[in-house]
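So, here come the structures, one by one.
You will see two complexes here that share chain A, one where it goes with chain B and one where it goes with chain C.
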Partner chain A sequence: MSVTELRPRTPAEAALVSLAEAAGTDEDARSAAIEALRREGLPHRRIEAWHYTDLRNLIGRRLGKATGLDAPAGSACDDDVLSPLVAGSTVVDLEAPEDTSAPDGVTITASNDLADWHESPNHLDRPLDTVRLVNAAFGARVAKVAVAANTAVAAPIELRDGIGARPHAAVAATVGTASKAVFVERIEGGGSPAPASRVSHLTIGDGATVLWIIDQAKDSDAAYLGQLNVNIGANATFKLFVLNAGGSLVRQEVHAVTAGEGSEILMRGVNLLQKDQHVDVTTTLRHTFPHTTATETFRNVVTGGHGVFQGMIKVAKDAQKTDAKMACNTLLLSEDGDFSAKPELEIFADDVQCGHGATAGAINADHLFYLMSRGIPAPQAKALLVKAFVDEMVEELEVEAAIADALTGKIDAWLDHSH
Partner chain B sequence: MLEIKNLHARVADEGTEILRGVNLTVQDGEVAAIMGPNGSGKSTLSYILAGRDDYEVTEGDIVYNGESILEMDPAERAASGVFLAFQYPLEIPGVATMTFLKTALNAQRKARGEAELMTPEFMRRVKTLAAELKIDAEMLKRPLNVGFSGGEKKRAEILQMALLEPKLCVMDETDSGLDIDALKIVSDGVNALRSEQRSFLVITHYQRLLDYIVPDKVHVLYKGRIIKSGDKDLALTLENEGYSQIIGEAA
Partner chain C sequence: MPAVQETIDQVREIDVDQYKYGFETLIEMDVAPKGLNEDIIRLISAKKSEPEWMLAWRLEAFERWKTMESPNWARVDYPPIDFQDIHYYAAPKSMSGPTSLDEVDPEILRTYEKLGIPLREQEILAGVVKPAAGEEDDGLLAAPSGSRVAVDAVFDSVSVATTFKKELEKAGVIFMPISEAIREHPELVKKYLGSVVPTSDNYFATLNSAVFTDGSFVYVPKGVRCPMELSTYFRINERNTGQFERTLIIADEGAYVSYLEGCTAPQRDENQLHAAVVELVAMDDAEIKYSTVQNWYPGDKQGKGGIYNFVTKRGDCRGKNSRISWTQVETGSAITWKYPSCILRGDNSRGEFYSIAVSNGRQQIDSGTKMIHLGKNTTSRIISKGISAGNSNNTYRGQVSANRRAANARNFTQCDSLLIGNDCGAHTVPYIEAKNATAQFEHEATTSKISDDQLFYCMQRGIPEEEAIALIVNGFVKDVIQQLPMEFAVEAQKLIGISLEGSVG
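After this line comes the complex of A and B, so read on.
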């Protein structure tokens, strides 16, 4: 783990460093991050947190393919004409957050802060955090979104990359005591050679309720590194929905930690995978206070490509009466795809209820027969069952119809496209 | 309506022979009962009629309205009018009951070249049938069969049957799990569907159901063969004497 280790950089690592150097003019502020990227390079499969997503190798293949690296193919994506996921949302352009007309009780400001990459939140990475490092090296400035105490924000706050700008953004969101808010991370757009990145920090005050949606629908040539860090106050409710329905190389991390007793965590996600994709969802959930509950379920539909789920639940010694369940279920619709699931529990308290399970399989033949025996042709019956499998994740969120419909609409669009 | 000729079938992946030469004819408008002890192959026969591919037909044929259906998949058979009321209806999480019913009905109509049924008319039909079968409308808001009691599942099967208006209704132990009131409701539902153009294959273990759904013919299936056929009195004989007498005669 010596920081002076001198390994020759691979051509891809060297290329990534040059891309970072070329990304904007404020190189001084970013120099420490760029230097660390140059020094430490990218993680590879012998780094535990990146075992299934060998970033050095995958980015290597990507940058090896790309031509004209010094001219990032930053597709000026049609962000400006894109309607929000949920109609009526407050849309925040993360490149110019201060321009947002914020609703009452919400303050949105720009800052010069960079993501702090000096330590890893999951303790599995190297003595630095790769996603944040890339984010900082490419110069993402933290946009600050603050919801005051006792404020119910009616419309979702949708967080988007700047229009046609570099696809790196950072967010620090705070939700005050007993407030309510919905955030949507809208991750869209095309492939620059370097991976796009987004790092968010969410601090949920005591008794507050937050629904955070990650709607990742990158273009099929895009690489993306995302990280959400959540701190959940006493008696607060945190609901998360992750939808991965795009991208070529995707790593989405979620690191949540309780900051008081009685919090409730509900994490649901759907990963939709097709040929040529590599999609990794890595989560850590740390229970550090007594009487907190968490359920975490990811459902994956694989028609090709490689999927990864790593889920870690840690229960500290004092976190008695923790109730935490984690599941990862995969529907393999083709021999061409695969999915690796690695759920882990690390429990130091003795009076807890924790469990995890991972399943993978084809469509249930009995269910298929039942539907067909009522006259529903095989392709339609299969589509119904696949949709049922993932729609359940949306149902379990128990959110208002407009949000649930928007999410199932996104899922349906993918399913219609892939069948 | 239906002619089963020397039907031999085995479990597809392990080869155990279950049906060993079934011969059975069901006329248009006829209600035929199939009785037999547990393990005789009654459910297997019903699955094979519906087209389940876990079983492999090794010999013989199933002729339905003049044509062999062995090459048809379950959906094609359903569209042509074959319906199986399952002994153990499945719970399918995530599939809303109403969506399922509408998809099934319209898929069948489409396969037959008929126009799709519009939602209001569809809703009206489902509601009327549900009321007749004393099925709570709240139940229909749930995912298919999820959280239904055994009896509710059986009634839901009959609701599906009534809605889809099949020509050949195969009912596998619809009476099991029903109390006497539910049995009457279900039987009334079935009797209301009886017509010259519709035939029934009523599989049951007990004579009780046949007091309510009075059969034209009774067949006894044992070890994969029909060992005796008769009229409705055969069911009474079985009730009084048990299967051993008939099995002894046939051996």
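After this line comes the complex of A and C, so read on.
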């Protein structure tokens, strides 16, 4: 299909564009992005990168029944109620980042720039990227966070939406050579008719170590489009943890690319799904330099709703000795839920070790029997097995106890609530 | 040691410029004018003396095709096809519907002989079943002693000969060109044609429905185990022709049939289109085993010429406990776009897909399977081995899905890729869709060179390095080779250039 072809706009697409136009008084700055959104429309299932998340249809349904949602809701986090994920974090209000009292070696500034929407992460089969386009059309301004070289930032930097503002944010984070930092993307809040969005760019300097946590716990009526773009320097370490435990329509993209030899990538994620949710995690990992290592594992617990995992490992011709593994494991706990996985490999170098595995199924009957034969009643035994299944993701991150405890705490809260 | 010498040599043996079936048979042909329109479809239908309903079916498909767009989701790249620049019908002039081998142009028989298909020999042997040894006559399809293969050979647009027809009839098996079946068994054709791959299925299947010229028809009645392997050999000979064959195989309750398919074409600078449709129907307790050795002309080193192999193959496990198994060895074609699939409709049905895809030169392969679990307790197994060399791209694309009602569906998928050289690509695109909580899916894919551990293991047991590598490469494709009927295993072995010796077990 020709990507430039003009097709009639659906009512949902037209409605989204009007919402974008009404999303603030700064329409001039956003007009090009709004125009592009009008021209491109929304992706649908015949666009390969959105095969399992037919955004045009899903947003259409959402806007169709959006009568209760049309107030541009106070969607963002309420600082008074919400304590940081990890105690002692530096909390950045992305609506007013300059107000943050930044720790030594960290500069946090506001800017008037929209996140760049002219370029698309290269695997997407549309000339313009939907998440970036929505983000810019709704006027997200880039907050800049810079960690100087040779700086170990002790406290995590938590990035959250401003109070009562529009739920669209953009972040440009850089971590200097040989520095260490932890970032937490805190994504909370209620529904607005249009999906909320966040586009982040993270540049990791040579030899630096970064842990980036995406903690998405939107209200059950909220739609959210998130994108993290990562550039990983030579001999740098990038760890990622994605926790999806909320939202009604969620798409979280992660696009990582190596920018030097010897980098190490560790991506872990847990998707917890309930009835009526649609949660999509789409990742691309591009190995463009030799001797890089990556492991990527996502675990999904489905008690209802629709789950999607699309993962792609790309190995360029020059990226010899790449060692990349990807896995997606799903526990289906209910007849109401389904899960679709598309773990892709695209390999152009011949001396590499790449693999992916995907499983889907119910709780292992042997494991259940083992526990029950030791006197543990079935519901508790099941809960135990589910917890072990997802907690493993946190363990494999190998991070300090405070962070691991915060993550398992969030997971436990969801499990307690849903069982 | 990314470039394993042994493997490189083996693959080079079947490299594109080593194509040995590239000769052309010079005989007078009866060729329809170029172009695609209603008149051509009427002409094809008339040439085949088809009943009115068949023509109506074709024309309806053509109407639909005109509204469709060529698919572009596969990882293959080719210039737009000019569908008006193709002959949709070509038949050797000397015969329009031979009744026995004697009426077949000897030139054609010689062609098939060169290809190793012993039409005449088998005809002579028909009825004179000699379980004796010493049948080491000619080449590729030479069966081990005592075993025989019934062959339907399709030359461009017509089927030139079907052997062993009489003996098959005795068992109640119908094996004939589909054009003949449309005339002689219209009730069966009407009932099953398009019931697995509907005319609206996809761009190339719809095109095929409008213009298909020949192919095989097999019906195995209730409780009959087909007494021999059935085989079709397809050959594109005429320049600028497209081959659009249609195969329909029905195994009625409790029946069993094993079907083999082989393909070759002359070397030409132009690309030629091959858009086939294969439909399999397995009723209760029936089993169909379908094996393909696809060796269409792959084009030259620079990627000039070669066959575009755009094929829709689908099996429908319609009955309980039915079973369909696809085995394919893909070494030819400039572009392959092919996904032999199983619809597991009947409870306890089973689908299998075994594939070896070797790409070299500028070949592009985008192939895989679909296992659609609809019934309860359905199981499927996918084993795919891709070997890419030269400047080729080799993609596995497969879908496994479990419907809400497919309780206890079970799938195991393994797709492994081996890269030889640094100018080729190996890709894996699986789609795994679980809509039932009791479904259990496992998918595994690896891409690698030969592992040092395996090599070390062999070598420390005293096997020299070269031999150890050969052993490991043999092991890489063994799972699939083992699934091939004996007759094809021999050919597949030659094609892949990888000996089975030493990898028994």
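In this text, the second predicted complex is superposed on the first by the 400 of 419 C-alpha atoms of A that agree within 3 Å, B and C clash if a C-alpha of one lies under 4 Å from a C-alpha of the other, contacts with A are read in each partner's own complex, and residues count from 1 in each chain.
One rule holds for everything that comes next: a residue touches a chain if its C-beta (ideal position, glycine included) is under 8 Å from a C-beta of that chain, and two chains touch if they have at least 3 such contacts.
Everything numeric here is computed off the predicted structure, so don't read it as measured data.
For the composite obtained by overlaying on chain A, chain B and chain C can both be accommodated side by side without a clash. In the superposition on chain A, A:V352 contacts chain C only, with no contact to chain B. In the overlay built on the shared chain, the residue A:V257 is in contact with neither chain B nor chain C.
Contacts of A:A388 after superposition: chain B is touched, whereas chain C is not reached. With both structures placed on the common chain, the touch criterion links A:D366 to chain B but leaves chain C unconnected. Contact with neither chain B nor chain C is seen for A:L397 once the two complexes are overlaid on the shared chain. In the superposed pair of complexes, A:A15 makes contact with neither chain B nor chain C. In the superposed model, A:P377 makes contact with chain B only, not with chain C. Measuring only between alpha carbons, the smallest separation of chain B from chain C in this overlay is 12 Å. Common to the chain B-facing and chain C-facing surfaces of chain A is no residue whatsoever.
Here chain A touches chain C in the complex through residues 1, 48, 51, 317, 320, 330, 332-335, 337-362, going by the rule given at the top. By the touch criterion given at the top, residues 2-3, 69, 72-73, 404, 417, 419-449 of chain C touch chain A in their complex. Per the touch definition, chain B reaches chain A in the complex via residues 50-54, 73-75, 77-79, 83-84, 86, 89-90, 92-95, 99-100, 103-105, 107-108, 111, 143, 160, 164.
Those residues of chain A that touch chain B in the shared complex are 365-367, 369-378, 380-381, 384-385, 387-389, 391-392, 395.
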